[in-house]
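These are the structures, in structure tokens.
Shared chain: subunit A. Partners: subunit B in the first complex, subunit C in the second.
== the complex of A and B ==
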């Protein structure tokens, strides 16, 4: 199966999710889970075709003019990601089917979003073309918005959804900028080709800009400092979405893209130093924040931020050790964290209790969940014979090999590992195995199998890979490492721990984690500690959004003064100045030249009438007289047309002017209000100045126009072609209905729409009165 | 002669703008109508005046004679007149409806009435509360 089919099949399943759910009812979850399961198996079957160091490339032309194509790339790394996406996706769909068992409508909507999200994720990790990658990348942000705001009647959920969208889509814009500069510099959007010519790109002056923009995009997506705050808030999403998007897959996209860039640009300081610095800061912040969190999901969320930071940091570690540790930790984290979220969802769903502090003693009430949770926690804590142990072992190796960064890496690694061990104990053990501090926890319903078996599967998988490491490591993890590293990586994985310094450190970390759990109750009930949460919340985001709001208000007040007079004064004042500026090239001679022209006496009389009409219209005290003034101007114009060889125009003008006056008078008479006081001439200096200035400028413009050479080409063409090509004698008519027929159609449409509007307004009035 | 035409254009435009800056909404509508007329005249003048025979090809001839008026601006002005009329009719009816609904022909008062629902203005601003 070629890569594009994975995306297409996932996309179709998203489209049919809602109707299938309606039809299948309770079995919708397992039924729809067949799609990701099928994709998972198909991906596994690609393994033999994909020896270490190879990639399946597929390219479909899309926008060849801009060098954009639907380019797909399936190599060891994207295969690993795709397996995680479809594998955990299968479990999430089953889990969500149970999670929404009370509400069929929500279930269909949710499953549709989840499968749509899976499509976007597959598209992102299978993309070779960066533009295509970006489109799917943004699609994941959008679906994430809908899933965080899934409980849309909850104001907090809506706010969190908007926040995540602003942060991730804002970062997405930066990423797009980086991709476009990169594409222009490299002459291609293909990731494969860009990686191949990385040394040349690194010498271009645009290189720093590219790296900074791409880093911003990745940091927002993967919740790295200073954009770390959105992820804990995103926990407003239903738990299956938190497990899938905000822990196992989507938030790892930033890491994914960083790792892709690391293949080509990993040796450049400007690329890897920010990863180490910001990754390390994020690790410390989140490790501290997790100690201060009280919500079940909040603890898991902060620990996820910490894990993401670990991954970012490991991408930054140069050389083989970093890649090995990154892949190992990526897989281990995806398995145990999704399991812990699943377990948390089960606990919250059945107890309606969100606070970790109030939970305890559920081991017999939710037995399967308790076991799954235990398995996941042991893996997370890094106990030997579990996948998590190997991941931690590789992490420590990378930290010790870190060269000049070794000290920083070791400190951060140890600190965060200790806290993660504690979180594992806290999140997994406390609700189930510790005594409930405030008495028995009330259970609203028993364990749902649909929600208990998925975490159990993940927990057992972590144990299986730990005990029997060879199949998974050799066929999936090591090829992924090699694809990233660019050459084959040799790594022998044994189930049994190797004794030595690292083993001792692991034991010490376990002990310190246990100590933290033991003192947990005392630690976070301290009110000072709770207050400290504020430090890590979204104050900066709130401030920026507040400034944006205020800036918007100030601009709106400045520009939207709600006064037609001011608008006219500004626009026409500026236009007048511009016109006069453009006229500076013309001398006073043109006025004298125009004045010297012979005057047609009867025409002069007509134009004097026009002047009088205009003056009457402007200065009459009564609106009725003003209308008469406008009428005089209109009729004299008709005469002007008539006397200058335009009888058709003249007749139209006569008709229209008559109709206009009828309409205006009808409106005025029906209103029959007391006349509005008109301010006297001298009290309106601004109106007088603006209108006089504009009139003079336009008049001068007409004079200037008349001395410019005249281009007759169009008129001559119509004069010559009207009869020969369109068989019409009346040239004006031929132009209207033939040469410019589309214009005339547009004109008719405008009149039709105006008529419709007028009719709608008047009919409303008639109905009300009738 | 051009001087007189230019003077007329200036007068029509100035009168139109002056009316548009009035408070009475009916006068604002009149202003737009005047400006439309003034623009039509400018378009007409842009085709240059001179020959006064209509732009009609004589029977037996195949092309337009030398003494005929320029047909192009005439076609443009014809379209513009009709559109201007549609605009005037719509503006007049909207002004009428607004006046009936708000009980005033004063555009400033209409805006004040609208401002009561304006999210950018504090509710306690003078004017909005006085008119409640």
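== the complex of A and C ==
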């Protein structure tokens, strides 16, 4: 199966998710999970076709004029990511089917979004063309917005959704800038070719700009300092979405793209130094924030920020050791963190209790979840015979081999590892195995199998890969490392731990983690430090948004005078001046040309009517009569069009005139606006001057137009081509629907959206009580 | 503001104007007319009903909500541009034609008609969504 089909199948499943859910009822989760499961198996079947160091490339022409194509690339690294996306996606769909078991409507909506998100993720990691990658990248941000704001009646969820969109889509814009500069510098948008040309690109003066913009894009997406705040807030999303988007997959896209760039640009200081510095800072901040958090999901979210930072840092570590550790940690984290989120969702769903401090003693009430959680936590803590152990081992190797960065790497590695061990203990042990501090936790419902089996599967997988490492490492992980590193990586993985310094450190970390859990109650009671919120919370974000609001208010106060008359006077005055300026060279010709035109008597009659209408509009005392006067002018203009051979325009003018009068009258009659009695135009000298001036200028303009030689090229072309190429005799219509159909489409879209806005603004005001 | 004459003739006007608007839409490719004018005429037909019997009745007769109608219109217009992409005849919105005979009826159909229908729906929906809002709001505030 070629790569494009993975995206197409996923996309179709997203479209049919809602109706299928309605039809399938409570079996919707397992039924829809067949799609990602099928994709997962198909991806596994690609393995034999992808020996280490090869890639399947596919390119479909899209916008050849700009060198943009639907370019796909399936290599070891994108295969690994796709397996994670579809594998965890399968479990998430099953899980969500149970999670939303009380509300069929929510379930369909949610599953549709999850599958749409899966489509976008697959598109991003399978993309070779950077423009295509960007489009899918932004699509993940959009779907994430809808999922965080899924409980849209909740103001907090809406705020978090908006925040994540502003941060990630804003960073996406920076990424787009970087991609475009990169594409212009390299002459191609293909990631494969760009990687091959990396040394030339690095000498270009645009190189620093490219790197900075790409880094901003990746840092926002993967929640790195100073953009780390959005991810913990994103926990407002339903737990299955948190597990999938905000832990296992989407937030790793930043890491994904950084790793892709690392293949070509990894040796340049300007690229890898920010990764190590910002990654390290984020690790320390989030490690501390974990210890201050009290919410079950908040603890997991901050630990996810810490893990993402670890990955960013490891991408930055030059050489083989960094790549090995990054891939190992990526997979281990995806497995155990998704499982822990799943378990947290089960606990919160059945106890309605969000605070970690109040949870405890659930091991007999939620037995499967407790086992799954325990398995995941052991892997997270890095206990031997679990996948997480090997990941931690590779991480420590990379940190010790860090060369001149060794000290920094070792410090952040040890600090964050200790905290991660503690989190593992907190999330897995406390709710299930420790005594509940405030009495028995009330259970609203028993364990749902649909929510208990997915984390168990992930936990067991972590154990299986730990005990029997060869198949997974040799066929998936090591090819992924090789694809990133650019040449074959040799790595022997054994189940049993090798004794030595690193083993001792691992034991020490376990002990320190245990100590942190033991003292956790005392640590988190540390009074809320407001100053710390500058770093941990979104105060900076709030300040920036506040400035934006204030800047908007200032400009609005300067430009919006809230007087329609002033607006019209300014618009017409400026137009008059511009017209007169353009007409300076015409005067003599115009008068003679106008005199040479024979007067047609029937036209004169029509124009006299026009004048009467205009006079009524100008001098009437009542707005209603004025509107009717304007209407007369409009109708007579339509007659003028008709008499001059433009029936289409005349027709349109008639209908538009009728409808606008009806609508205007409706406003006046029904809205009871009580318009102030209008003064005659003669008593308002400024208004008189503006309108008379505008009328004269337009009149002169029309005269000038009639003496200019008429360029017939376009009319001739359309006249001839209309029937031959577009099968229509009515040239106006043919231009609208065929030659310029894209413009028309744009216009009706604008009309529709503008109308939608007006329609929304005109909605009935909600009557206030009392 | 009830007028006996308007109320008596409104249905008649409505039917005539609506048929006329479809006629304008269909003939548009070869003679004066098309989706935009047709849409305006149809909107005018519903305006007559609104003036005679109120917005609620006109809204019922429209069947679809005017905002939904705009969406349907945009959908039609976009849809009309897709066929050439599937068969690789040309770019987006490259219109295709089919000529033939069904019984004694000589037909010439193009994807332009679907496009024009889209324009028609957007115009009808756009005008009426605002008109209905005005009359709803007005009726409320007059009470």
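Basically, the second predicted complex is superposed on the first by the 554 of 770 C-alpha atoms of A that agree within 3 Å, B and C clash if a C-alpha of one lies under 4 Å from a C-alpha of the other, contacts with A are read in each partner's own complex, and residues count from 1 in each chain.
Keep in mind that, in the parts below, a residue touches a chain if its C-beta (ideal position, glycine included) is under 8 Å from a C-beta of that chain, and two chains touch if they have at least 3 such contacts.
Remember, predicted model here, so these are calculated numbers, not experimental data.
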| Which of the two partners, first being subunit B and second being subunit C, lies in contact with A:700: first, second, both, or neither? | first
| message | Output check: A:715 vs subunit B and subunit C. Expected answer is one of first, second, both, neither. What do you get? | response | first
| query | Once the shared chain is lined up, is A:572 touching subunit B (first), subunit C (second), both, or neither of them? | reply | first
| request: For A:200, decide between first (touching subunit B), second (touching subunit C), both and neither. | output: neither
| Once the shared chain is lined up, is A:656 touching subunit B (first), subunit C (second), both, or neither of them? | both
| query | Should A:763 be classified as contacting the first partner (subunit B), the second (subunit C), both, or neither? | reply | second
| query | Comparing subunit C with subunit B, which touches more residues belonging to subunit A? | reply | B
| message | So in the superposed three-chain picture, is A:667 touching just subunit B, just subunit C, both, or none of them (first/second/both/neither)? | response | both
| message | So in the superposed three-chain picture, is A:729 touching just subunit B, just subunit C, both, or none of them (first/second/both/neither)? | response | both
| So, A:742: does it touch subunit B (first), subunit C (second), both, or neither? | second
| Common ground on subunit A, meaning residues reached by subunit C in one complex and by subunit B in the other | 647-648, 652, 656, 659, 663, 667, 670-671, 728-730, 732, 736, 744, 751, 755, 758, 762
| Touching subunit A in the complex: which residues of subunit B? | 1-24, 26-30, 33-34, 37-38, 40-42, 44-49, 51-59, 61-64, 68-72, 74-75, 77-79, 81-90, 92-97, 99-100, 104-108, 111, 114-115, 118, 120
| What does subunit A use to touch subunit C in their complex? | 647-648, 651-652, 655-656, 658-659, 662-663, 666-667, 669-672, 726-730, 732-734, 736-738, 741-742, 744-745, 748-749, 751-752, 755-756, 758-759, 762-764
| query | Contact residues on subunit C for subunit A in the complex? | reply | 1, 24, 28-37, 40-41, 43-44, 47, 51, 67, 70-71, 73-74, 77-78, 81, 92-93, 95, 97, 108, 110, 112, 115-116, 118-119, 122-123, 125-127, 129-131, 133-142
| said: With touch defined as at the start, can you tell me which subunit A residues reach subunit B in the complex? | reply: 553, 556-557, 560, 562-565, 568-569, 572, 591, 594-595, 597-600, 603-604, 607, 610-611, 614-615, 617-618, 623, 626-627, 629-630, 633-634, 637, 640-641, 643-649, 652-653, 656, 659-660, 663-664, 667-668, 670-671, 673, 676, 678-679, 684, 686-688, 690-692, 694-696, 698-700, 702-703, 705-706, 710, 712, 714-715, 718-720, 722-724, 728-732, 735-736, 740, 743-744, 747, 750-751, 754-755, 757-758, 761-762, 765
